[in-house]
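In order of appearance the chains are A, B, C and D, and numbering begins at 1 in each one.
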Amino acid sequence: MVARNQGDKVGRDNAFVGVFEMSLAGRTQAVRDALTTCRAHLSTICRNSEKLDDIELVIAETLNNIVEHALAERQDDAPIQISCTQDGDLISLVFKDSGIPFANHTPPGPKQVGTIAHAKSLPEGGYGWGLIHHLAHDISYVRVNQHNVLTIVFDGVTSITDNAQKPS
Amino acid sequence: MVARNQGDKVGRDNAFVGVFEMSLAGRTQAVRDALTTCRAHLSTICRNSEKLDDIELVIAETLNNIVEHALAERQDDAPIQISCTQDGDLISLVFKDSGIPFANHTPPGPKQVGTIAHAKSLPEGGYGWGLIHHLAHDISYVRVNQHNVLTIVFDGVTSITDNAQKPS
Amino acid sequence: MRLSAETEELLQVVTVLDDRIDAAVALEFKENVRQITETAPATVILDLSAVVFIDSSGLGAIVATMKHLAPQRTLVLAGLTAPVDRVFRLTRMDSVFSLYPTLSHALEDLS
Amino acid sequence: MRLSAETEELLQVVTVLDDRIDAAVALEFKENVRQITETAPATVILDLSAVVFIDSSGLGAIVATMKHLAPQRTLVLAGLTAPVDRVFRLTRMDSVFSLYPTLSHALEDLS
């Protein structure tokens, strides 16, 4: 796993400034360490532990999905690249992998997980994209040069105010 | 302490239906039992434990304030009356006491508790009304016949959706 | 995935000793709980007080456990830390499971 | 207000044994913690894992304790149950105190 902290501007297309970049092997066992690394980097710019929990969860869901779906047929531990940039109160996380594209080249929408009367019929999976949609501010996806490039933006990262607080 | 569950309409002025009524002695030691009673009644109409936590906290803050401020000079454990009514997803809690009125006949506004750089200057009290304003949907106060009548309304009581959930 | 269990006449407490229930351990978790609850009484309390991270795979494993135990036995959850409680609420699992803030509150209510 | 304490060289763990820190016990809580931390080392960890209810009086008592211990000693909080964690966030006390989801996470980070 490679990780480095960038203090300088990446100046890609807007005011987003580099926070960190890393890559990991595309297998389940590498995800935990990657999350620890991401959280350590993010904690330098985000003091709100609930927000850090949210971002960690979204990164976990995204990486698990890439490993279990996009890279499922691959035997070579194809790498996943993560880069994180910041623009004021927003952070943007870009995930890049060389796996198969999303069905219809579109990421799944927010699943409606309603009240479940019959415990027996409760699904045992499929909650991942629901969580990503709930917690992220913005999600975009492009397929470039046989790579998936998924960008997830979070707001309220550097402010102290947390989600539980009602706008009054 | 007197408590009874009303299943029938009270039909006071609108569609609000009686949930419970109770009264307690206006002293700190009576507040805990009152909260247990209120929560037991409320749990029959509210399945969301986080919402129940919120309502319990607001009732606690309100009762503590009545005991510590409105009834502070009273030696007679003057009673506090609570009545709770429901209109669909809203519940309304009415607190009535015979203590002194609020200053300017107006309850305190939401306090701005900002980031505190110097731990030494952090206040040790005054968080109560901030919490009430955060968690309540609506607050109104009237002084009638030398009694304080404070009404606090909560929304989202019977729906499963909780506060942590973003409207998507 | 380390678990410990204590069984009384009418209930069993299964304590998760690891601090994460994620994709890396979800399968193992499911199997280990299945084994440890094999002869469990009517109520199984899963004590999650050591757990600070759960993802959708971990959630799925808990749902699978609940379904496996049903209908003879009920699974209730106790000791949810704030980040774990949050995931249960976001997925509305708080309407599916009985959640107790601490193990002793669960024991008090269920004994 | 029942408390227990365990002191090591560099830190002390004070565990709250009651399940509510409210107006009825806030004063007693403040005094008992003051006594129990009298000879405390640099870091005091308040273990709140048994507590499921705190009101603004209880919050005020914890703030008073933190101020009393400062500047020589730091108070950190561990094991916040979901309802207690929520009150700390609503009052933005999460920006004032270090909050650890479990005692063992606090010990790991601070030892």
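Definition applied: contacts are C-beta pairs under 8 Å (C-beta built on N, C-alpha and C of every residue); 3 or more make two chains touch, one makes a residue touch a chain.
Small disclaimer: the values here were computed from a predicted structure and weren't measured.
A count of C-beta contacts for the chain pairs A-C and B-C puts A-C on top. Averaging C-alpha coordinates per chain and comparing to chain C, the farthest chain turns out to be B. With centres set at the average Cα position, the gap from chain A to chain C is 26 Å. Chain centres here are Cα averages; for chain B and chain C they lie 34 Å apart. Remark: chain A and chain B have CA centroids separated by 40 Å (rounded to whole angstrom).
In chain C, the residues touching two or more other chains are 82-83, 86, 90, 92, 95.
The multi-chain contact residues of chain B, meaning those touching 2 or more other chains, are 50, 115, 134-135, 160, 164-165.
Residues of chain C that touch chain A in their complex: 20, 22-24, 53, 55-57, 59-61, 63-64, 66-67, 70-71, 82-83, 86-87, 90-92, 95-96. Residues of chain C touching chain D in their complex: 19, 49-50, 52, 79-83, 85-86, 101-102, 104-105. Taken in their complex, chain C has these residues touching chain B: 86, 89-90, 92, 94-95, 99. Against chain C, in their complex, chain A makes its touches with residues 28-29, 31-32, 50, 53-54, 56-57, 60-61, 64, 67-68, 113-116, 119-120, 122-128, 130-131, 134-135.
For chain B in complex with chain C, the touching residues are 47-50, 160-162, 164-165.
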